[in-house]
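For reference, the structure I am asking about is given below.
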């Protein structure tokens, strides 16, 4: 199967660059089941990273365009490469192939591994959006806390060991004070740091890498022949009637 | 005080036209307290009407721009002229003046008038988004139902009497089957039809006009010297640090 | 419009005296929109202040009488001058004009300004009643905590600066430990101390003055031609049938 | 042990009369464990029956007085003889002996007999108050519905067989449509009709007689040496400090 | 009435021995209402004590057998002598007489004594199961916390005073940090230590002895002629059709 | 990877026989990713099928033994072959390899495909247990309903077409009346009937085959190197201390 992992921002133009796009592609293909081919692409415009509701929403138009192209290009599923799942519901209205949000996927995965999970996010500005994500995924009842590492996304890779130590310290608080028994790395750059196993070993609880979780969710859906419910995410009425292009909806 | 009512789509270019923009402005000024001046503007691009998550998100970029301009232009508050409150949280991250979402405002108003309220929306595709809105507003516990009139936004004004009868029939179901004791007109065009009093009289329950509710919420906040919590809606970190323009956040 | 603010206890006979009744009337009129006239009255009997469920309930009979008189006297709305909203539901059963509870009004206002709010109350004995108030208002999901200033109502005005510092300290705990991003002054005497702006500036979150919030809610409802749902708060059956005076219901 | 069952209204002066007071006393003593003596008294003033929030609150002052007297007279526990539990929390603030609300007691009993229970109440005006009661008792999660028999309290005994048939019909709807597997008779006069066994046999689900449930709860608490938590229901602060009589709290 | 208290493990063969079985029987009879006779029996096989979901489930087969025998032997009710209520729902499917779970009984009792209760359990492995118990009982909304004494069941009686001090310390944390106003001893051996009164006196909140609470619940149900709903706990379909012995269900 | 699918009952001795065990093994291997080998085994004793809490619990002892053997035999994960997930939490206490419950897996999968899902179960006696399952999985907030096909497990395969029509009719009710937008086949025999695609096509919503969902969940966990949290499901304390065999826990 062919899966597209779509970065909802111009990563290749930013500080991480094309190299990081390729590194993530290599990792995803390494994690994939035999027969799965993952392509990582970014979008030409949008925020350099997503650390607020504002940036999340500004990432949506280009992302939705990319997802529609992925469907036209014959991909079997698309993963939106941001923990905040920007445009997830809108994308599901527009296409028939499974659209995977790493936030949603890893929240649902976490719910099956323990009783109470905590999300470790980058900055305070994402706490409320991620609580809302847990509500939308349906698992708010198991959310112990969203805790903040206080490292901007674009600085996470500067000193990976320092980032890991910070995530570990914050994770330890979640385990001890909030009674979390599962942790989620609530940011894709954090998930791609390669630190989840070490943090898990030190804290004694599962630590979910959202990128890997999203990939397994995508492969699982495609393998089962399942996709999101069109009753839940109906085609926008104007598109339905006119069989027109999405762009025509816009004046 | 000066309040801007910002239509998050190019209404003046669409079927309702500039005339409708002016009609709404006249009504809002008629509903206003003495000393309040309401200006209605629309944005130059975006969806003709919002009937899906897709259109809601596509309306956001132009809307956020408009809200920032409103602040710069000295308005005391902005109302986002769509029941779905597109971009509400992001807008609150960007500006200091109160940003009012008619959906949120009328949900909170409804919560104070009875025990269980129902929202009457235009199309089935908006049921789930409006349930999520009730969660975000914090009043999901009082939501009896979201019921669907099955009339596209752009057809609501074609035959106002027929629209009213349809709203009434759907409202009656909400009252009888879902035990709603308060009703909300869950669409701005529906709210500006001038039907709420008649529907209220016939069904014997309060019917909330979301436009009027939003105006009173805006006037109330300005009068109290209150605005949204910047702890809840912090300035996006990149903007905070660099004192840069929002546009610079985008690559 | 004419609004009555009814103090549900014999304030003019108590330590605060008639002077305080007039001071509150002056403040409310100062806060009002042009065209609104607020009259503050107290009731001839009842508790000196309300710091328990016991006192709250003992305040009800005289308060209900006063509210019915206010309706007969042509007031457009009545505000029950106690954060605990004593007799709110019963009053709505008895009259048609809007009856505003400052507790309910400010809880709903708070829900629109942030994600999690805390109420600062006077004494421990009011924590549970105020949690139940949040349930009745429908916004329990956003209540971060009810925190206690440990100052009896009748001592709040003895040293206003000391009261402010205490409220500030308790508010800081709510913000830091309970993640509140909005605060409510959960007592009318606290609300009329004139401290909300200073507390807000120091803590960096909105602080809601329940008296001012109630006034804006009352003005908003009257301006919209709305009142509480009689389906939610039906006229007591015996009164309905016999068109008798409320007093006749009592043996 | 000595238990007082306090009717929160002047039943002996009303249509049911002293005879009904004695009939209920006989039944309660018949239901009691060996060694329990139940005394039924009514209060000299208050509503003839309780069918609204208004009447419920008007019943409180005389009821609280009666409960304090019962404690002074050496009763081991008091039952408030109304399903709405008027003044329950306030009474617990005032006395140390257990105060039993039949509504609360039977809701908690119901929660242990099945998964979802329904309350059958007399009139529509009591639906919302009884939903709030389930919240206060902590068992809202198991409340399937409050359904209405549409018989005023004072008419329930006119034709007991007709009342039973009506209760049965409403109970059948609760079982079939709301998936209730336990029913509560949500009114004391309904509970004392002697119909619960027959309704239970016909509908195949337990039917709880609130009077009998309250008695067992009272006997159980006294036998265990337990009473309500004074941390949850603290003595009103003014009474605490001054060791004064409750009446002195009132101006 | 005749009540059986069934220990779901071979207590008489374990370290506590037959002596403890008899001691509990003596206590229960001492706590009983006049006319109640309690027989304590244990089952021949199963876990020595229950400190995990594993042991709880392994206790079930022998316990269910014992409960069916109790019904055949003419007992009026059975109490499952473990706070975890092993097999409660299954037992109710198999028999008509009331089956009492001390966990469920004392959770429901606690809900009527205050606003927020905490359970003090023996080991960390029981926290999640007891949270699920509160959900099943329907009172999760009032659960402040499950706190852990960190004493294995079989060591609780080694030094009763040390156990009491530990329970007290943990209880104090629940009261202060979690705002519990009622405490439950979440283990039968803890309940039979005879420490609840002293802990209650020291902490100033009711402390519920689950054994005594279960006995009162059993006596109350039998006295009211009530048992669990067979609509909620239907006879297993295979047994229903074939009128066969439960054993025949098993291959 | 090697996955064991463990049927928690003696299927090979029952009416479906060894043939059905092999048929399911063939299907699972057909659904598997390349490199996965699935072995289906049943246990030597237990209920012929599981249609009650009683049978579910009676299936546990043999099932737990089987799961421990699977771990010792080197399997990478075990699937408990019953939608009710009998013994799931206990099994996770006993072993380190992932233990998959098809109920939990498919509930979490469903939560990611829509807003509200319904479970179609075989008999009324399983409604309440499956509601509790949704709570334990953390997704109760998205459960629209559990609806009943009224076909005993052992009769489902008698006339597959009739079973499909019945499932379809019940599913249609869930979609229309309960607003479900995703359906789950809440029984493994139903899941292995091969009807999900046809039901999905007819009703226009995704229909989840719990066997296939469980397999993908197992493969996904193994591929990610994840297993359940031992903090959530700790090794039973007695086993931890004594490094003894589980059997020694039992007296």
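Read from first to last, the chains carry the letters A, B, C, D, E and F; within each, the first residue is number 1.
Following the convention adopted for this analysis, a residue touches a chain if its C-beta (ideal position, glycine included) is under 8 Å from a C-beta of that chain, and two chains touch if they have at least 3 such contacts.
What you see is a predicted model; the values in this text were computed from it and never measured.
Enquirer: Would you mind working out whether chain C and chain D touch using mostly the same residue numbers, over half shared, or mostly different ones?
Expert: Chain C and chain D contact each other through largely matching residue numbers.
Enquirer: Write down the chain pair in C-D, D-E or A-B that repeats the interface of A-F; the criterion is over half of the contact pairs matching by residue number.
Expert: It is D-E that repeats the A-F interface.
Enquirer: From the centre of chain B, which other chain's Cα mean sits the farthest off?
Expert: Chain E.
Enquirer: Which integer distance in Å separates the CA centroid of chain C from that of chain E?
Expert: Between these chains, centre-to-centre, one finds 45 Å.
Enquirer: Quick one: chain E and chain F, Cα centre-to-centre, how many Å?
Expert: 29
Enquirer: What residues in chain F touch two or more of the other chains?
Expert: 115, 128, 135, 232-233
Enquirer: Name, in rising order, each residue of chain D that touches chain C in their complex.
Expert: These residues of chain D touch chain C: 9-10, 13-14, 45-49, 51-58, 60-61, 64, 87, 89-90, 93-94, 123-125, 128-129, 132, 135-136, 152, 232-238, 246, 249-251.
Enquirer: Which of the residues in chain A end up touching chain F in this complex?
Expert: Against chain F, chain A makes touches at 31, 33-35, 104-105, 108-109, 111-116, 135, 137-142, 175, 181-182, 197, 204-206, 208-209, 212-213, 216-217, 219-220, 223-233.
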